[in-house]
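Data first, discussion second: the structure below is written as structure tokens.
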């Protein structure tokens, strides 16, 4: 019986052939993906509202050269509307990620580094927010804020930090026990120095994966609460709004209303994933010398 | 645990009280022609004219005696409204939880074993698509395909339309459960699959696996004898910690399939500013999620003894 | 490689979508030989109690209970449980002679005591009934088993409407909790099974005193509105209420039936300039100009708006439906764009470079807040009003936000009921400036109108009341505090071979489609 050749190597695993090649490839992939996403974001941001304005005389036009994504029941151009929608959703996702990640990084690191009362307090807050189903909490927050964009944004932002906090905290806790961190302390380095030099670089990859996962999540929550009737108002183009509107016309064969915005969303999520994966490898100290 | 529940209830109460929806207005409806005296009576009856703190204590006091108050929209005791729905939701969630866990784990292992292979890429793409498609969207897709186009399953509800309760069989119930279950399973599978896949490849890179390889074991043998154990526990932990997420998917699936569970009641309660019902649901779901988190926390300790004091591992 | 795979999967996804929408299922699950019907008429009947004492079916389309009077499809009152009634000259005493030999669905006899019980219980529990207002009813007594007398504290002409809306329940059987789901009344149907949030199964009431229903069983199901068309296509239902947007879809084996309503959609236009008044912020500087309000009313093209937003379903309206005896019916004569533009120009509103009018630096633009289902209507209005140089900014909103904005922005309302008390809510200066509630959003205060409204409320006869109601609408109409748009229609897909008897349908009051059940006893399979 043929057995697989044992794979033992003394160097950390490396998939690229030369050091420059792998890193360059990763950097290029990240740049391309980031450029696309940034492009969509900025184009959407500065888009003239008249490009997706209501024109009832051109209702339900299937995709054509004039309207490459077709038009909807109010005759709005779906290409521009989806573009603006994706841009708006990215804004919500990014804001939610930023707020969540800022809270998570601060809380997680503080909790793990200082321990004691700080840790207990952070854990209590985490448990409190994790103790409710996300959707219920998002609904509660967005109802409390009177719905609309602010409600959804804060609702999504304030429901995602606990998980990230736990991840960061756990990672830091593990690192704190690592021999090189202990050694660093023994060598008389300050907490801040250890945090900056040894802990944060190790946490970053996990943190970024968390962030990347958070992004589609944030958009999903926006879409979900909108579908249930608490979310963004219908005049605000956002992917959630567009998709829940499309649901009403899917049974009448207006497939383009759901398909293209859906594709845009999926492509964006895939690209975010690509960025996350590649960044992880770029930033991971273990693969830094590949 | 109790302290946390209390905190959650205060948090929920504060949020609802701060909402601009006036429960009185929500109660008498946007197009009511009721006189001012009659409105005052409505206010009086529901204690709407008292201070928020007073209302919280009145409510909490009653809850401690087992009285969750009356649902303003259903005009029935909150506890009854929840009772008649909770079993549907538990069965749906329990099954979806198990199914998504088992399927997701299996897919994750299979994909993680041959990273970069065709199957791995398909699984990854599938997971990303599922994770970036809203649950209601998947639900509607499932509904139009299986209930409308193929006509294999009923459109929705938990029992057949127009059939007396006495004639409803187990078969009927299962038949009605399948589509919402399928939706919820697909929705919750992505996370666990991705996690297992990631974790497995991490484990496969670790020293003891390298040692096993050195002993000449095949990849399959390694997974069967060693690796899966290291992946299963964290995966199970994650699955327990996902109760909070599962509930959201369920609310959407229930809405799409008119499944009479607790998720549908939540949205109705929030839309109607039915404060007593909403608070009741918040408490019940909090207990449920707490249990999941508690189990997850305990499991974390088993996974990594260093974290016995209540940490977590991703 | 990865991209190619993605594309492949997306194509599969797309195909699934197409399959999902394209096909019509052939399997008609409902067996037409069984004399039963499955209907989706809107899910809101599942949201509240079925007990008329708690305000169920408030606008009089109950199927389980009867009221003392009922409304005919032509809009007049005839006896239902009562065969005749008299009103004293001072309009304080209403006496009803009840039909003999009527039985409740549980087989017990119906008498005047049941009427007294029902009304007294409503008064005692007014807090649980937000729909019927009995605050002017002093007392109600049974003069005999067959005669019941109501005595009012002050004249209140809409009381007759109350007696036509308030369903009567059995006093002996009454159980506040059980009646939420299984009310016992004298109506043609009895609730056989109530599955919360799923279905209500009703059977023919064998004790019904009128003509027995043709059908044995009707099942009213709950579902999400977005799935309604899919439900129709699945062939599993016989009646499906759909959004007008779907009304021209083909559904195998079903026909589209539009039904008349008395439900109008109208915009409130704040008549005061922005100001603090009695502690409330009210008014809007743009809509405060009567020229703007009048120009909108005569200048917009309601038919085009209906064609665009409602698929052409519904009738242009400049006032309440002519079917209502108290309505000041005004034939629609709109789309007078030139005349409207002249009015605006004469008032000093001059078009700027963007085609929007301005006056002293104030842009002729205002916000309209709409609940989600009415957003398209406002968007269509905005598109048409732009031709006049008026910029309307539509917002889809929730009732919480609307409550905040209702006195300073324009709101789109839906009103439709048999009782003229709606006019008090819309126009009475007394109802303005009351915090909470939804009355008089434009803050329209006109003592002459108030006088007419009070005269109508205090009127001693329906004729006198209606005369005053019409006068109040005429007076208020000159100031255009509301912009009427459309008298909507409800649209249903009905299975071929099932007759829902459009001739005996009353014009539907406000109720999002549920009122179709008002004549369920006349439905039959051919």
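We just call them A, B and C in the order they show up, numbering each chain from 1.
Convention: contacts are C-beta pairs under 8 Å (C-beta built on N, C-alpha and C of every residue); 3 or more make two chains touch, one makes a residue touch a chain.
Bear in mind that the values here come from a model prediction, so they are computed numbers and not experimental data.
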Across the interfaces A-B and A-C, which one involves more C-beta pairs in contact? A-B
Centroid check, CA-based, most central chain -> B
Where the centres are mean C-alpha positions, what is the separation of chain B from chain C, in Å? 36
So how far apart, in whole Å, are chain A and chain B when each is placed at the average of its C-alpha atoms? 21
Taking each chain's centre as its mean C-alpha position, how far apart are chain A and chain C in Å? 44
Multi-partner residues of chain B (at least 2 other chains): 19-21, 125, 129, 140, 144, 148, 255, 271, 273
Residue numbers in chain C touching two or more further chains are 6, 10, 13, 17, 20-22, 226-227, 230, 233, 398, 400-401, 404
Chain A residues touching 2+ other chains are 143, 146, 229-230, 247, 250-251, 258, 262, 266, 270
Residue set of chain C touching chain B in the complex reads 1-2, 5-6, 9-10, 13, 16-17, 19-23, 25-27, 36, 38, 43, 47-49, 51, 54, 126-128, 130-131, 133, 135, 177, 180, 192-193, 195-199, 201, 217, 219, 221-224, 226-227, 230-231, 233-237, 371, 398-404, 413-415, 417, 419, 421-422, 424-425, 434, 436-438, 510
Would you tell me which residues of chain A are touching chain C in their complex? 54-56, 59, 73-74, 143, 146-148, 229-230, 233-235, 247-255, 258-259, 262-263, 266, 270
Contacting residues of chain B [partner chain C, same complex]: 19-22, 24-39, 41-42, 44-46, 73-76, 81, 84-85, 118, 121-122, 125-126, 129, 140-141, 143-145, 147-151, 154-159, 161-162, 164-165, 255-256, 258, 260, 264-265, 268, 271-273
Would you tell me which residues of chain C are touching chain A in their complex? 6, 10, 13-14, 17-18, 20-22, 225-227, 229-230, 233, 243, 245-246, 249, 308-309, 372, 375-376, 379-380, 382-383, 394-398, 400-401, 404
Given the complex, residues on chain A that touch chain B span 3-4, 6-8, 13, 123-124, 127-128, 130-136, 139-141, 143-146, 166-167, 169-171, 173-174, 177, 206, 210, 216-217, 219-221, 223-224, 227-230, 240, 243-244, 247, 250-251, 258, 262, 265-266, 268-270, 273
